[in-house]
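Every chain is named by a letter (A, B, C, D, E and F) in the order it is written, and numbering of its residues begins at 1.
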């Protein structure tokens, strides 16, 4: 199975040691972006993984490519262009203090690039799986066009398409996001997260109206079935996060496939680095789905364990192995491995 | 409301990453002192805040002034003088290992300065609120004189005076502290902490005799009322700390105003930096009292949340905003804020 | 003498220990900008100094203000606005490897702000000296308008105006820069640097045509006189830099006042931090000119020593004292001062 | 009481801040080895402590000796020889991610040295207590011979011999370890840990067959008595560890002496540095046994508290004091000690 | 032109900030090895570059591969095997203190691997240029066999073979090295360095007898011609280093091709990182020779500039561009590039 | 030869990377003091070396003892007492910026201790050489008494006494220093430095009047002879330092013994750490004098090379070997030692 993701890769600048942006004297360098995180995490699990993006033609763009290559991600389709490096500042939360993000991704090389001459059919023809997120169409008109072209080419070529709607309120309104992203759903096979999209009841209200952040199994089952009915998915999944503090969370997930809903174990864990936790759920899910013979219970539990493991690793991505995730999923000992 | 605090500002030297003093190879630089911490924390909450002290006429003194200015604290009354920079070494505790402090503040420029020519009436006339602590009179005869002059001038000028008795056993005996500090209480409006002071029963015993570190509401109410009866306070408050480990505590507070005692919520939290936790309670309380229309329950809960937030921030002071404290006080999510 | 400068303040991100941008794992945080560097350096020399700029309304903007305040620079006129924080990446050169800069200042809060409602006469009326540079008008149409308004208001109010043309080829072409900047020269009293401006010969060629980077005294004298004749300056100065390597330079300056040209001593020095060297020449020159009774030889030698001292200090600005610069100017010992 | 331990001292290289080996850019330097950890920890408790080993004749060997001396451990018997410095890479675990160790101790100076001319009777004659572990005989044939000679010399000279079997699966098989180590037991007085050794039932099966990692008091008592019957020990002890996560464990111990079994309190604690936790149990136990008048309950509780304290200290060894361990053992407050 | 190098890649551990091994508290991680340095440097210059080696099957081996990939070096032929990671400790010299190296590369996965089943003809058939050094055959019998097989396969397939004899006195004797390495010379096209090899006079003495470290042009010309006569080289080159101090050297080179000897410019430079300077000469020379139309003077000057540039870059390899080397070679300014 | 030095050992706090005290965020920890530096440097050269001082009874005092022990210095006579840890802040100079020192050693445990009950005859009876400096008597009356007692005991016991007058203007006046220190000279055998002491001409003027910092051989010879005549020295030495910049100095020395004056080579060198350079001259000289058969020229050249080597090593002391100093003294290559 050959995997490709498309999206923006940003420079991530975070103060060390849980210092604050307003008092820090230096920034730790990482790289991140929802789709790139999935590509890098999958490559670390051993999947043949490629990332497509546009990067500035400077040493900053070169650093990104080095980062991807060092993580076994193929970079041959990446375009170098004028424009700035998108970045974000991350103040890592701890204890009662939440993480805070300041985005500075406007006018980036990725957002400004004119994708009209990019031949996505030619790019995607060698791959089996395409992953996209709802962040890209929020960045610019050019990016929205990019997603249009890519998702349609993927469908035409028969790739499995996974999609994480991933709403970012600083980029666009919830209503606009719903309208735009719902148009992509007919092309999606695996849906990871259920907002912001439209799933209409007969009376025009949304199936998800009134659904809480911690829904019952019955409610979740009802919603998944409605989504499947309208959009015909191979699989749907979503996580439920219990935020006990900035340093301690619990996580579980609901997962739907073949007409049935499954609920994972709930894992409690301390947090080293919160960012990329959702993307590690995606990469875990995609990895598990690529193994054709896994049981549904194992698929969702592996995806949750993948996400939980990420929170113990610095940076945006899940630099770990399938074995380590399985150990966690199977409750093996956390004691030192000599 | 214009706020001023008077006290010593010390250089704080602490090993990084929870290393020990005996094995560390470098010290992180911070600045701290009970009263300065309150001034800096209030400035970060947006209060017009000034700090008066005496600093050595060297680059170390200059560093302190830079630190105060960078935190929006006015420094125009600070005196530069001969004498050394007071400092303390802080070994930050973690898990079952408690924090340890080695003070080296003897013979400091602040302790040795002769305050006889300082015109406190002239200094204080532009302010509405004066904050003092019981540490200063413990430092030297000169400092005791300084507090005498300042507290009387404040009273004469009609400032609100808040006072944190703040006993330090390495500086003086509990009995001496009680005798000296009790003499200031007639000039105090807001008392933060109830030791070491005298509050006599009719039979000459102390009202607080037998009071535990975790008193019942009834006991606390009785003590507060006795203090109010003898010294006539606008408000009295004290925290109760449950030290589960060096890395995890819980905190609540009792608060008395208008003849009634209030008990806050109890918050549990992990600790990044323990020092200044009490001062952040003071700054939170003072901030809340400065807002004329807050309910008593909100006042004490804000003060506790202010203290708890401080424990998640490196350094002695509460570099945070009113919004962040309110989020915590109102149980808003600890998840990443994008 | 009250001093004010107007310009952009950027976040400066540089790898530690002469590492390269392409391989670094963290960035040291500094703040810099040609005009801000002059304001901060003058404040460190004891001058009453103010900086006007526009900063984003985030913790990054707050950090900038903290930096200015910590350095005794007044910030009361600074506007907080939407828009991003301008920044630049600096790879510090060493030995045979030159420093490299990647600018990322497009669309900054400063460049995008609409200055039409800013009343510069009201702002400038309390100051004696205004410093500007040729970088600001290169940033945007709004910024060009800002300089127009500020320089005319300053002239009207009788301030001394110093101006550093400071050409940046990544921002605009040399020809455009010449055309735009020459229009400001009638309002300028102290000109620091002689490019990019027009100084016409009778035949329409430029007086400076053919002038090398290491001109003879006679050539320099001829050019200075031509500038003075056309634009009527109080003083003109320019440095000559001999770049032996990325780590070792020599510097001298030519200076013109009262109809005569002066040449400074040439100082050789090792380089710790190259950036801001020119701005420290400006601040040294302005400081010296503010002292009404200094001899012309001392003025130019102080300015050169100020610049040379900066190269031994990390960051963009000359965090030093008048005494230290005079020691250097007077060849005092470089041995340890106990 | 004069103490000596014999074993290998390794360079320990661990990424900072819970980074991973595969992504780290630097390694923190520590020194460790099971027996050296005991010697260093005892010296920090005030015991006259000596360590015997063989080190390479390079600056790395010199660093080890400096480390031991700085910790009050005598080094006069240490041999400098050709051969490499043994080392291990430690990826410190956190949260759900376990610590991982990569050993690189093959062909070390210690393992390769020919001990045939070392006169252990002459070395040991000045000591009262010898500590050994089951790691040394696993390293090489030479090392097995070293232990043979040392343990017999100690017995002959009347030293108390403590022994920690300490199985390392990367060095040898469990069966081989059992066979080799059981031969040393007749010379052992204090046994710390009960595997890998043989304790036969009448039918040739092992007394410990079926014993879980969390045995009942009765099972433990039965096993201890069987060991004592076969090998005649002064004391036997073992810990039971509950690994809630990589960052949080609980610990208790069983202890046997004078024909009776004792169970300690169970302490829960957060983990700063996991390695050396077992060795700190050994050093705590040995220290307590050296105090002739301690009650058995205090001995085992002190040993557990010693181990727990170690987990709050960076590095392999328990750099703490008897007072601090007693505070922990007696549930004194974890709050800051001013 | 497709390039491949074969050799050992080691972990390099060096104290930061010119600290000493004996006092350092951490080690900076780099990777290096004579042949890998050439491969990585060439990849940074844009050459299609591959490295063949054997690495341990651990996270340390994975780190090496990540490093190579991040630098655009292909790693597909690398073998993962049992065995340890070779490493070296580097104490970087400064001023009058020379750099010191402690090698710990014995019994490495690379040295111990049995290459008998490696099909070098199959590996090398896709490449145009093979680079080897005299270090590999010094490591083990297996490695000597590896070089035998590789160099003969390369010759058979018509690759250009470059060879750097690179004597290491800690690995073998000068005489043995001469005997072994001379046997490879008939297969070598480009010889970089002239020791340790045999070049016999008619009387059996060595042509190079009496040649100093700073030979005259005439002596050098005579030696080059004798080498060419005996071994038939496409090009021969060697550097001459003037070590003024640990922080300041000068470098020039002699180069022979088409029957003539050329002498480069002599460049003086400060040193940031000394290691890999020779390898950067090799990579510069190979790059220049790959450009078919360069003049001989430019070839040797580019190779020297490549080496000099490396000394200004941390780590073993020349992370720079052709443009930067040409700037240096052409004496362009060392001033900041904005 | 057994060596002992007596003096104060201070904590040294210096900003990293040539940052300034006023802007630094952390301090590197070192330990230093003129006499301790000599003791530590001699121990590193292999001399049996002991240091006597008084240290505070805290973890800071313990750190000092650990530092001494790690450097092979015996500490058994050190007294632990109440009182603070003396310290100094060192801003390391670079390029044109000189190093600056802020002392904070007043009221230290060493200065305040009452030495009346210390039996120096008992302490010194096991040693052959005592080293003292003129700093100690400047610290307090108690310290002056300490030197009186120690130097007389040493003379009585027949130790060789070396003395470095070492004037510190921040501690006392030049005139007082001269008066006090001259009284010790009759007990001194080896004088290192010639100020501040009295050496009278017949007319009551000082022999050294008018002597420059860079005296001629003839002047130096005349002064040495006058000192010898009045005080009868075994050897006298002094350095001459040429301070080209904060980063580059040259050093030579004059040396007098057996009635003749010798002048060393002049060595030029870059500076990593300036402090302790003079003490390394003392330790080099003492080491050389302890070798009974060295030529006078070698003695003075070794002492100069010892001092020069120190400037390339971080910290106050000369952590190096006799071999390394001899290499430098004999102009061996500065290139990497593999």
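Quick note on the criterion: a contact is a pair of C-beta atoms (placed from the backbone, for glycine too) under 8 Å apart; a residue touches a chain by one contact, two chains touch by 3 or more.
What you see is a predicted model; the values in this text were computed from it and never measured.
The chains in contact with chain A and with chain F alike are B, C, D, E. At the interface between chain E and chain F, two copies of one sequence, fewer than half of the residue numbers in use appear on both sides, so the contact is built from largely different positions.
With respect to chain D, maximal separation of chain centres occurs for C (centres as means of Cα atoms). Its C-alpha atoms superposed on chain D, chain C is turned by 180 degrees; the angle is given in steps of 5. Chain centres here are Cα means. That of chain D falls 44 Å from that of chain F.
Residue positions of chain E with contacts to 2 or more other chains are 16-17, 20, 22-23, 25, 66, 100. Taken as a graph of touching chains, this assembly has some other topology, since it is neither a line, a ring, a star nor fully connected.
Per the contact rule defined earlier, chains pair up in contact as A-B, A-C, A-D, A-E, B-C, B-D, B-F, C-E, C-F, D-E, D-F, E-F. Looking at the complex, you find that chain E touches chain A at residues 66-67, 69-72.
Residues 13, 16, 20-29, 58-60, 62-63, 66, 84-85, 89, 91, 100, 102, 104, 106-107 of chain A are the ones touching chain C in the complex.
Within the complex, the chain A residues that touch chain D are 16-17, 267, 269-272, 308-309, 311-315, 319-320, 324, 327-328, 333-338. Chain D contributes residues 17-20, 22-23, 93-101, 103, 168-170, 241, 243-249, 274-275 to its touches with chain A in the complex.
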